[in-house]
Amino acid sequence: MKKVIMGNHALSYGAMLSRAQVIPAYPITPQTQVVELLSEMCASKTLDAKFIKVESEHSAMASCISASAAGARTFTATSAQGLALMHEMLHWASGGRHPVVLGNINRAMAPGWSIWTDQNDSLSERDTGWMQFYCSSNQEVLDSVIQAYKVGEALMIPAMVILDAFALSHTYEVVEIPEQDKVDAFLPPFKPEIRLTPDDPHAFGGLTGPEHYFELRYKLQKDMEKAPALIEGTGLEFERLFGRRLGLVDEYKCGDADLLFVSSGTAGYTANVAVDLLRDEGIKAGNLRMRVVRPFPFETVRRILGKAKKAAVVDRNISYGHHGIFYQEVKSALYGVKKAPPVFGYITGLGGRDITPDTFKEIAAHALAKDGPDEEIVWIGVKR
Amino acid sequence: MKKVIMGNHALSYGAMLSRAQVIPAYPITPQTQVVELLSEMCASKTLDAKFIKVESEHSAMASCISASAAGARTFTATSAQGLALMHEMLHWASGGRHPVVLGNINRAMAPGWSIWTDQNDSLSERDTGWMQFYCSSNQEVLDSVIQAYKVGEALMIPAMVILDAFALSHTYEVVEIPEQDKVDAFLPPFKPEIRLTPDDPHAFGGLTGPEHYFELRYKLQKDMEKAPALIEGTGLEFERLFGRRLGLVDEYKCGDADLLFVSSGTAGYTANVAVDLLRDEGIKAGNLRMRVVRPFPFETVRRILGKAKKAAVVDRNISYGHHGIFYQEVKSALYGVKKAPPVFGYITGLGGRDITPDTFKEIAAHALAKDGPDEEIVWIGVKR
Amino acid sequence: MKEKKAKRIVYRSEREMPLMVISVGSQTHNLTGAWRNIRPEIDLEKCLKCGICWKFCPEPAIEIVDERPVVDYDYCKGCGICAEECPAKCIVMAEERK
Amino acid sequence: MKEKKAKRIVYRSEREMPLMVISVGSQTHNLTGAWRNIRPEIDLEKCLKCGICWKFCPEPAIEIVDERPVVDYDYCKGCGICAEECPAKCIVMAEERK
Amino acid sequence: MVEIRFHGRGGQGTVVASKVLADAIAKEGNWVQAYPEFGVERRGSPVVAFIRIDDKRIYDKSRIYAPDHVVVLDPTLVEAIDITEGLKEGGTIIINTDRKPDEFPFRGRFDVRTVHATEIAVKHKLGNLAAPIVNTAITGAVVKVLGLTKLESLAQAIREAIAIKPEDNVKAAQEAYERA
Amino acid sequence: MVEIRFHGRGGQGTVVASKVLADAIAKEGNWVQAYPEFGVERRGSPVVAFIRIDDKRIYDKSRIYAPDHVVVLDPTLVEAIDITEGLKEGGTIIINTDRKPDEFPFRGRFDVRTVHATEIAVKHKLGNLAAPIVNTAITGAVVKVLGLTKLESLAQAIREAIAIKPEDNVKAAQEAYERA
Amino acid sequence: MKKDKKMTLTLPAEELMSPGHLACQGCGATLAMRYMLKALGQRTVLCIPACCWAVIDGPYPYSCLDAPIYHCAFETAASTATGVKAGLEMTGDTETTVVAWAGDGGTFDIGIQALSGAAERNDDIIYVCYDNEAYMNTGIQRSSATPYGAWTTTTPVKHFKDRPKKDIVAIMAAHRIPYIATASVSHPEDFVKKMKKAKAIKGTRFFHVFAPCPTGWKSRPDDSVKLARLAVQNAYFPLFEIEDGEKVTINLKLKEKKPVADYIRLQGRFRHLSEAHIAAIQDEVDARWARLLKSC
Amino acid sequence: MKKDKKMTLTLPAEELMSPGHLACQGCGATLAMRYMLKALGQRTVLCIPACCWAVIDGPYPYSCLDAPIYHCAFETAASTATGVKAGLEMTGDTETTVVAWAGDGGTFDIGIQALSGAAERNDDIIYVCYDNEAYMNTGIQRSSATPYGAWTTTTPVKHFKDRPKKDIVAIMAAHRIPYIATASVSHPEDFVKKMKKAKAIKGTRFFHVFAPCPTGWKSRPDDSVKLARLAVQNAYFPLFEIEDGEKVTINLKLKEKKPVADYIRLQGRFRHLSEAHIAAIQDEVDARWARLLKSC
C-alpha cells in the first residue's frame, strides 16, 4: 500500500512491521512523531508491544538493553541530546551484544540549542560499536528498520537508522508500506540463543578481567566484519520480496565519473540533482552515497573511489580538531590503494544550513579547479 | 620538590597548583584518589576551592560548565563509564566555549565490567570538541594539567588530560612538584572576557537557527586549529620556567628509523624499551609517541612519518566496524603525502591486557616481514 | 532594561559574532503584533485603573502611560486575558481587518 | 545449585568463550579459605543446634550435616560472626598456623 | 516540477493542508514532497509549509526558495508579512478572503485568486467564526485553480487524514472547489 | 634494574609498604616505580604489590612477571598461595615469620630470610596481635637484606607517609633492620 | 474615566521581561517568569534547561530578559545552578540570587536526580518548576506531572493518563530543605511575596508554580488566568508553604472548595472524560486536600 | 551435644548463593542477598548495577548466585529491571520476579532518577537498596546515605559529613507506591517474611536494607550482625513497612531505645566525634523516631 507519510512515521511503521515488542522512548524534537504514533499504535493494539514512558533517554536505552537481554525485540528513537545522553548505554548495548534498533533523527548538538540537522550527534557515536544506516528517503527509512533487525539479530549487534531533521523527519513522501505477512516471512521472531531467564540462569556482564575482555571485544569486531556481506545479502533478499534494493552504498552515475561526490543523508540525494546539472554542463560527475558507515564499507569504497579521477567528500559534520568525519574515514580507507584519486574535503550545512544543488556545484567548481587539496578543510557556505 | 606520587595524585597536584576554584566530582575506580586528595586539600584549605559532591558525573560536568561560565577555573576527573555519562555535557563544554579541564583515567568500557585500561572511553569522545592530552608518566600528568589550562583558556576550549588505569593512575613515580609561585607566573588567573554575571547580562546558549550555528562552530574549529602552535609554544615557555618540555608528540630515535612505532599512553613509553632492544639487534626502530590527539597534529605527523620507511601504529582501542583509531587517523593524515610509508595497524591491550616490550617486538617482526599491510587489522596478543 | 523596539541584528560574517553563543540584543525587534487576529480595545471611560490588565498580560503589552493602561499593538498577541480579567469589562476583543 | 567446588575455567581461545559476557561456572572454584587468618572451631558438645551460626554466615560456609553445624574451611574467611553470634559461645576463633 | 508555499498561523493546520494536498496528488501517481517550515511553531505565530511536485522521483531535498505558487490561509497575514517573498513572476496567489483579487497591491505582478474559505468552513461547522478550521476548504480551491489532481482524489485524501468530521471537511473542499 | 614483589592481605597496607620503599629509594636519586596488583582488593584476600628500581629513567610500564625478590608480609600466605611464582632462580624471599628460613620448602632454590615483623610491630604498638600493622616494620628488613637505600632515607620516607604514630613506625623499621 | 485616580499596581513596577518573546498567546509560563523577576530583581542569574522557556526567551543573539541566563541541558537545571552559585562565589560575588527555572518535565522526570542531589547538599539556589503538566515544548507529551485523565500525544484518548500526578512537593519535603512553596499565576501577589521571602533564606528553596498552557491543554488563551484561579479555588492546586520539610502553612484557606468539574470542562485535554472519571478526580483532590490539612 | 535434637532453621533451607564469592570478611551486604534469595526463590531475575555486589558475585565467567543476573550500568538498576520485566512479559513469562538490587549510592544518588521514574509508572519490580552508607566498591566515598558525622575518604575527619542522611524511605513514600519496607541483616526472619509479602504484591515495591560494612565502617568483621541489631534497637534504623505511601506499620516496637553511642563507638568511621556530636546524633534519631510513631 502506498501512503504519503513523514520520515518519522516511516520509523514507526518500520518498528510496527518488525513487530517490536518493547518500546521505551522519550520525546525530543524532531523525533516526537515517532513515539507519538507508536504510543497510539500500542494504545489501539495495532501493535502488540509494551510502550514504556521512561523519564529520560538514558533509561530508554537501559530498558531496551535489558528487555533485549530478556529476549524481546526492542525499538526506540531519539535525536541529538537524547542520543548523547544514551552514550554510556550505547557502548553497553554493543558490548553486551543486544541487537536493539534505534531511530535517530540527525540534529545539531547544543549549545546553542538547535533543532536543525547535522550529523554530529550520530557520528560522534561512531566508536560505540553500533551499525549505522544513513537514509535519504522515507522509503529507505522504513525498509532500513526492517533490515536492521534482520542483520542486527543475526550478528547480535545493535543498529541505528538515521535520518535528517526536518528534511526527512518532517517531510512527507510517498512510501510503499509492505504487507505484514511478507515482512514476517522476511524477518522471523527474535530468538536469541542466550537470554536472561531463570530457566537457564547466567550472570550477564560481570567483572571481566584482562584475561578475557580482549577476546570478547575481538569477537564483536569479527562479527562487525561479517556485516558488510550480510547487509548486501539481506538487501538482495529484501529486493526479491519487495522489489527494492538497498546496499552498503548507493551509486549514482559513478561508473564513468571524473568527479565523484561522496555524500550521505538527504544531501546524498540532493547531490544526484547536482550530478545531472553538472552533466548537462558537460562535467562527468557522479555521486557515491554512503548508506552504511558502521561497519565502514572498506572494499566498496576502495573499489568505487579507486577508479575515480577526483573525489569530493561532503561532510555535514566535523570532528573538531580534525576533519569532516567522512573525509577522514574515506582517506583512511583509500590509504595505500594504488592510483587512488586526490580527495577533497568539504564541510557544509552544519546546524541546518541548507544544502542545495548549488552547494554541490560550488564544490565541484572548487575541486575541478585544483590538482589536489591544498587546505585541510574547505568550508562551503559559511559567512566569513 | 621531588615526591614519589601516584598518577592520580599527579592530577590532584596539577589542579591544586593551577588553583582550580570549583571542583565538582564523582568517584569511580580507578580515579578515586584524585578526588579523595582534592577533597582533603579543600577540607584542609591547602586549596581554596569549592568541592561539590555531586550525585553523578553528568552533574559534575554540568556544574563545571556553569561554574566556568560564571568565571571560575574548574576541574574534574573521571573514567570510562563516568566519562561516557558526561558525553552530552562534553559536547556542551566545547560548544559553549568553557575551558574546563578534566582528568580521565583510561579504563575499558563495560560490559563486562572492567576497571583495567584501554583507550576506548576517551577516544570515543574524540568528536566532542575537546583537546586530548595522553600522558606517559606522572610528571607529564602534572605538567599537562597546568598546560591544559593555559592553552584551553587562551582558546576557550576544554581539555582532557588522560592517563592509563593502574599502569599510571596507581603507579608511584618520582615527580618534581613545581613551586606555586612559578606556576602562578606561568598561569595567570582565569579572566574570561564574557561571563555570566548580572553586571553584564547575556543569555548563554539560546536557540540558534541555521543562520548562525554554522559560523559559531566554524569559530570553534578555527580556534582548534590554532592549538597545535599554541601547545608547542606553551611547551617552550614551560621549559624555560621548569626545565621540562612537552610538545604535540614525543620522538624517540625517529630520525633515522626504518620502522617507526606510533604509540601513546604508557605503551608509548614501553615502546622506547622495545626500540632499544631492537636497535641492539640491529634493527633501526623508532617511536613516535602521540601526546596530543585533538587537535590532531597533522603537520608534525606528516613531517615525521613522511620520512619513515615503515610505520606500525599500535592501538589500545578500536572503532568497531572500522580500525584502531590512531591507525585510522594517521592514515588519513598521511593520505596524499608523497612518499608516505606503508602503515600497519595493530590492536592490542584491550581491557587491560598487558603491553610489554615483547608486544612491540612481535609487532616489529610482523611489520618487517611484509612489504605493506595485507590485513585491515593485525591483532596482537588475542587468544585465537 | 534593554532598548525598546530594538533592531534586528544582521551578522554578515562570523567575525562580527561573539565567540560564545550569547545574546547581545533584545527580542523587542520581534513585533508579535503580527500574531494577533483579534485586538483588545480599552474603553478608558469605564476603566477603574485597577491595573489588573497590566498585571495579567503575558507579553507584557500593556503599559501604564499617564496613569492609564495602553496596549502596545506592536506586541499584543491578542490572547484576550486582559479582556477576560478586567473587572470593569471595559476591554473588548475586536476582529482584526481581514 | 551449581556444582559444588567447581573447577576453574580456562579458555585457550576466543572460540571457546560464549558470545556474550555471561557466567557459565560457579564461584566455588575460588577457595576463599585462603583469606582466613583466624579459624572458627565449634565445640559441638556445647552446641544448642539453634542454627544461628548457619543463619549469619555471610559466605555461607557453615553447612548443616547430620543435624549439626560444620564449617567448610575451604571457604570460611574467618570473619568471626558465627563465634560472636553463637548463643552458647561454643565457637572459638583460633589462630591459623603461621 | 511545481513548488507551492502555504502561509497560515500556528494552530490553523497549515501543515495538514499541505500534507492532504500532497496525498491527493500522490494518488494520481505523481511524486510529491510536503514539509513544514523547519522551525518552532507557536499558537498564533505566522507559519509556512511547502509542497514540491514532479512526475519523476524527487531527489532534491533542499528547501524551496522560489515557489511557483503561494496559498494564504489567513487573510490577516497579507498585511503582517511579505507573502510574495521569492514567488516567481506571474505565480499564482490563492488567498482565503472575502475581498476581491484586485484589492491586493501585488495584483499586477502575480495572478491573485481569492476564495472565502472561512465562510465555507463556518458554514460546514468546521470550527467557529473566532477559530474557523479552513485548512481543508482551501485545498479545494487550490486543486481547482492549479489543477494538480482530481477533486475525487482530494476528497479521498481528506477522508483518510481527518479523523473528526471527515465528510464535512470533504464538503467544504468541494464547495471551495466550486467557488474558486 | 631490580624488581620486587610484595605479598600481603587486603587491609594490611601492602601497597603502602611498596610505596614507602619506593620513596626511600628515590631519596638516593634512583628512578623507581611502585604499583599494586591491578585488581579488586578485599579485606582479607591475598594481594600483591611491586616495585621496579633502576639508575636511569624507567620507560617500561609493563607489569613485573619475573621479580628478583619477593617479600611476604603475612606468613599464612606461604601455604595459601604460591609466593615463588615467576621468581628468578636464586632470588631472595623475605618472610615475616617466627620460623627459621630452613623450615621453608623452597629454601634450596631461593635465598630465604625471615624476620618476625609481627612481633616487632606489636612491641611498638602498631596494631594488636589479632591485627598487627607490619608494613613499615618489614621495609626495614628489606632495606637491610637488599641494601636498596639507606636506613635514614627509609626513616624519612616513613615519617612523610605515615600520619599515625610515625616515630613508632620508624622505630619498628629500625628494629627490623637490625634483626633482619 | 476618573482622570485623577492613580493606577493601583499590586506588583513591583520594574519590568525585567520585554515583549517580543516567543510564547504562545495566553501562556501561563510567561506570566510566571514575569512575576518571579519582579520579586527577585535584576541581580539574578537564571539557569533554564530545555523547556518552552528555552524558546520563549528568543533565539540567538537575542533575549527577552534583562537578567543573565544560562540555557542549560534539559536534565541539568539544578546542577547548572549549583555550578553558577559556586562559580560566582569563588569569583567574589556572594550576593546574586541563582535560580534554576525548569518545566515539569525537566523537574519531575529527567531533572529530578540533579534536583535531589542539590537538595541533599542544600545548595544555595532557588529552584522554580513552572508546571504546565506535560512536555509542551516538544508538542504535548505526558510527563509525570500530567494529571490523571489527561490526553497528551503519548497518552492518547484511547489510553489516557492512568497514573496520578507525581507529588513533587511531597518528594521535596522529604528532602527537608529549608523552604518549599506552591504558587499560581492567578495569584501574583502571593507569588511575589513568597519569592521575596525565599530570596532571604539560604539553602535550597523550591517553588512549584501552576502555569496553564492553552496550547497543551486545548483551552482558550483568554482562560489561562481563570483556569489557574479555579485550580487554586477547588484545591486542585492549593497554595501553601513548607519550611524545613515540616512546618506547613496554607496561604489561601478555602472555606468551600469549588467543584473540580468546572475546571476540567474548560479544557480540551479532558474532553473524553466521563462523569465517573471526573468524580474520581474530585475524590483524589479531596483526599489530597484532607492530607494537606492534616499535615499543618 | 544432644545428638537427637533437630537443628532449628528459622529461614528457608534453600541456598541460592554459594561460597567462593568476593565479599570482604563479615560483609553485611552478602547476608542481605542470601536472605532475599531465600525468600524469593530461584525464579527471580536480579538487576545489579555497579556496587560491591557487582564484584562479590564473581568475575566472568563465574557467578556465585543460582539466579540469573543482569549486571547493569550504575545508574540503571530500576530502568534495567523495568526492561527485564517488560521483556519477560512480552516473551510469555509473567511469573518471574524481577529485582533491582543496588547499593545506597546507586539508589540515593546516581540511580534515583530511574527509580523515581519506575515508581511513578508503578512498574512491576522489587527494588532493594542494601545500604552500607557510602560508596564502598570504589573505596569508601560519601554518598547521600552517609550519616551525619561519618568519616569517608571524601568527608575527611577535618570536614566530616555535615549533612544528614537522605530520607529515601520518605521520598519513596511520597511516590505512593504499593509497598515499602525497611529490613536489617540482624533480623533475617522479619526480612524474609516481608520479602515474601512483597513478592505477592503487584507494582513497585521498595526495600531499604541495613547492611553493615566492616571495611567501610572501620568496624570489626565479627561485629557486623551486632551493629545491625543495635541500629534496629536504638531506632537508628527502625523496622517498618509503608503500604500505598500511607499505612505505616512498625514491625519491631521498641519499648526502650538503646543509646546510639553504643553503636557509634564500635565504628572507626565515627572515632573523631565528640560527646556533643554524638548527643546531636541521638537527638536526630529521637526526632526521626517520634516522626515515625506519629505517622502510624
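Letters A, B, C, D, E, F, G and H name the chains as they come in the text, with residue numbers starting at 1 for each one.
Here, a contact is a pair of C-beta atoms (placed from the backbone, for glycine too) under 8 Å apart; a residue touches a chain by one contact, two chains touch by 3 or more.
Just so we're clear, the structure is a prediction, and the values are computed from it rather than from any experiment.
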Would you identify the chain whose Cα-based centre sits farthest away from the centre of chain G?
F
What is the chain whose Cα centre is as far as it gets from that of chain A?
F
Distance in whole angstrom between the CA centres of chain D and chain H is 23
Which integer distance in Å separates the CA centroid of chain D from that of chain F?
30
Between the Cα centroids of chain B and chain F the separation in whole angstrom comes to 34
Where chain A and chain F are represented by their mean Cα positions, the distance between them in whole Å:
56
Name the residues of chain C that each touch 2 or more other chains.
11, 13-14, 17-18, 21-24, 32, 35-36, 77-78
Pull out every residue in chain B that's touching 2 or more other chains.
53, 55-56, 58, 81, 85, 88, 92, 95-96, 110-113, 115-116, 202-210, 212, 215-216, 218, 352, 354, 382-384
Of all residues in chain H, the ones touching two or more other chains
22-23, 25, 54-55, 57-58, 60-63, 66, 69, 71, 73, 75, 109-110, 112-113, 116-117, 120-121, 144, 214, 221
Provide the residue numbers of chain C that touch chain A in the complex, in ascending order.
11-15, 21
Seen from chain F, its contact residues with chain H in the complex are 10-11, 40, 42-45
Listed in rising order, chain C residues that touch chain G in their complex are 1-2, 4, 9, 11, 17-18, 21-32, 35-36, 44-47, 49-51, 54-56, 58-61, 64, 67-69, 72, 74-75, 77-81, 83-85, 93
Complex contacts: residues of chain E adjacent to chain C
9, 42, 44-46, 74-77, 79-81, 97-99, 118, 130
Which stretch or stretches of chain A touch chain B in the complex?
58, 81, 84-85, 87-88, 91-92, 94-96, 108-116, 120, 123-129, 131, 204-218, 220-221, 224-225, 227, 294-296, 298, 318-323, 325, 327-329, 331-332, 334-336, 340, 342-343, 349-354, 372-373, 376-377, 379, 381-384
